[in-house]
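Beneath this line is the structure, given in structure tokens, with notes to follow.
Letters are used for the chains, namely A, B, C and D, taken in the order the chains are written, and counting of residues starts over at 1 for each.
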């Protein structure tokens, strides 16, 4: 995602304004004054402190500068994104959630919501898209349209906090990195054999409305886990998911009789993620005739 | 399903051949000789014994009479069914599984399989459709096409046994009824509250390929059960199913915080039925953060 | 437990005062005036109404009559019980909880508590022993000693309500029987085989302090249940219990390898009962490598 | 346990016979010829290879040398141990399982078994005590008494293999250490709250006959685990265990109503260990009304 090379916090603490702006100047959408204000606060003890100094500059700005800043954000899924007049970060963030590939109908729906939002609040709808599924963004849109102006102003700033925290974490490395990533993991235990179920095909689906889109396809290792987290090294997008485990195949390989067709074949676990920076462990304990799951840790 | 009024076994044991044939003569497809042979064996100690006497007549018949009898069965989803030249029983049985409403493509597929089957075995594919979902019939078709002639002859007779056992059970009442029905039930326990979950919306879906068709929609009662079995008073069609429980709504009504969106919303339990005359109890034990199921009794 | 023959509510509604007193006169400890007052209220629509009329007479009595009535109750585990100067009902109720077989040390402890109680409240400690284990009675004693006089007076009357409700239910039969009994049941499912576990030895222990006393020994039937409830046809004594299931033997009979010694052998489920008139279903779902339980219904 | 300082494999590979014997000469009970033979096989690529070379020397010895070697082992819990005429290793190993603190009755029982064993096989009963509980040693004794001479000779050598593998692992460090230790761990998840249960008192008991002896007392940390494994850095003694979790206190701290007394208070999980070098993970998933466990990984 980063277009600039990663800089160390130590280097950033030593650099002049020009170097500082080259490194982190586009963190806040078309608002170089934010990084300029932050530059004056050096040195920073942690990357988190750097980001907080930037946010403090936004919060300390006069209302009209804040509003102008909010105005500078692109319409979500809007014409600007199609035409390219936004920062590279915004573009790749919007692509991550599929907002660059909306159907005409979806494009129209987002457009309508965006218009209603701007009519009510005077600035475009801002959301940290990397913390959401497409479904969840739509839900946020509808909820936030019901806010009053002051609640929504605070919400918009909070989203900018999430967006820019991710950007800072992608640009700067060093002490006290902010917690921006979550992790989704699983584990399959065969309670018939009393050991991890190895070689089980696992699929992860993300729901958009009633449609489930497969986003991961993997196989359990000797410990019944997956070699990589199902989702990791990024925020977990808020939304609805389904894990599907090919347990019928697993027990068939073990030559276990469990009916024809077997009582359990594909075992689905459906759950939602609400904490993008959290750890969701969603294991499956399974015999040919029973299974259970839970939010683990 | 029955078009003739239900007769008691006692009355049937007393009736003359004409009455006997009026009552049960169309049990075996266009084969009145079967009931004639059975009539000679009266009286029957049980309805099961009556049915077994009929099957014994089929088994004792010369091979060419057996083959002629098999030939008299309609093509499954075939032209005959469309044209009406089959018994009323056959017609309603085929309707029960949706074979009367196939798409053109499905109709063509069944037709192709049927032709291949007849070319190989010389008689139409016979299956007790009330013991199967549409999916399962297709699976049987493909499996049985791989049989040799003698294995398939035995399988066809076994299916006739199932078909006619159901017909006899629908026509005659009395001692020793054959076991022809199964039962699918559920139970929802709220392990957060330690009591049955009442008022939970429950849906039962039947799978046809990757498509899930809703076949039952109900709500749990005060004991966490459904007032009626999900499927009862009939054979359980062999096939794949999914139960879906609106647990998110349930815990929301109890004002329990479980994330936004809640970790569990719709909980799906996917399982297969392999024993049409069996009892499948598929309960859900559920807290806002965990659930389990098992084949119970 | 009853020494008088069971009378129907209809007969009781018709009988004169002498017959009424012969039937239910000893329901309230040495207080025939209670049944005399109730006799005037006939006829009763339900057995529950009869009992409530009796309780109403107690509640309507002058304070000194109430206190005299409370005084007429025997000391729990006291000298009276040893000497026999109490009603037959009191005697058999105290025996039911083992209060007739206390060790010298336990006898001294109960005696001390009883003296402290009488010194504070002026009447003996009254508790419906059939609703408690020995442990629970001791716990009640210690709790109630901390009550103020008015709270304890109400508690003592409530216990008399429980005691006499049981007595009425044992003496009179008819419409509207009060709910006085609970039920403890279990069910063993073998989640390795997907069916009920038959022939499993089950033991029920009641805890007294750290000691577990076996009170039931039985075996599961073909449905994985016990032919009789573990406790039934009586109030469930409030207290701590442990069920022990010989699952190691069960899986050994099925020739399942699960380690030597097997991972699971005797499976204990420890739980408490708090509602004497409730239904506690405490099932065991068990494979050789996992098990679960829950309060079911 | 070690009385000599730990030596590296590299140093051992370089040392002369005197140094070698000083380091590992008492690995095999009073049999310096074993280490002498092994010394000739240097250098060893791994600690495991060193131990295997020693065992190869035992296996290659003439039968009468093997028997003399077996004879040199002390009686388990025998007079020798009381009088001190055995190696320091033997002494501390026997203490680890409580064999140094037998009651007179137990001492007599072990003595009787030992005499019967020596009468049948001609050498003392040898068992790797660190891989067993006292219960399990007794069970081994009774089983092995039923062996024939050749099966028992092989078993005795296998036990010496276990004993000396542990000694080598305690004396020498370096590449390819043999796997001699197991691990017993737990994890408590509160399925009512959907997070690890922190601060839960956990006790581990070891069974000797019907008596449970507490061997560990700890508290879960913020992740619902224990800071140290329940048993670690040593072989897991084969035997029966019970974990007890103070879940009633946990839910009481969370102000959850679950009856009085609460349905679940102390939750016991009873299980056996059969693989001393294995990992046993025995978690508890628990709401106030349900719990489950399994052998995890």
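Here is the rule we go by: a residue touches a chain if its C-beta (ideal position, glycine included) is under 8 Å from a C-beta of that chain, and two chains touch if they have at least 3 such contacts.
Every value quoted in this text rests on a predicted model; they were computed, and no experiment measured them.
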Check your understanding: What chains do chain C and chain D have as common neighbours?
Key -> A, B
Revision key, fill the gap. Note: of the two pairs A-B and A-D, more contacts are counted for A-B
Review point. Chain A to chain D: how many Å between their CA centres?
Key: 48
Practice item. Could you grab the centroid distance between chain A and chain C? Build each centroid from C-alpha atoms only and quote it in angstrom. Key: 57
Study note, to complete from the structure: Among chain B residues, those touching two or more other chains are 191, 194, 263, 285, 289-290, 292, 294-295
Point to revise | chain B residues within the chain A interface of the complex | key: 136, 238-240, 242, 259-268, 270-272, 274-275, 285, 289-295
**Study point:** Touching residues on chain A, where the partner in the complex is chain D
**Key:** 189, 191, 194-196, 223-224, 285, 292, 294-297
Exercise for review: Spell out the part of chain C that touches chain A in their complex, as residue ranges.
Suggested key: 191-194, 258, 263, 285, 287-290, 292
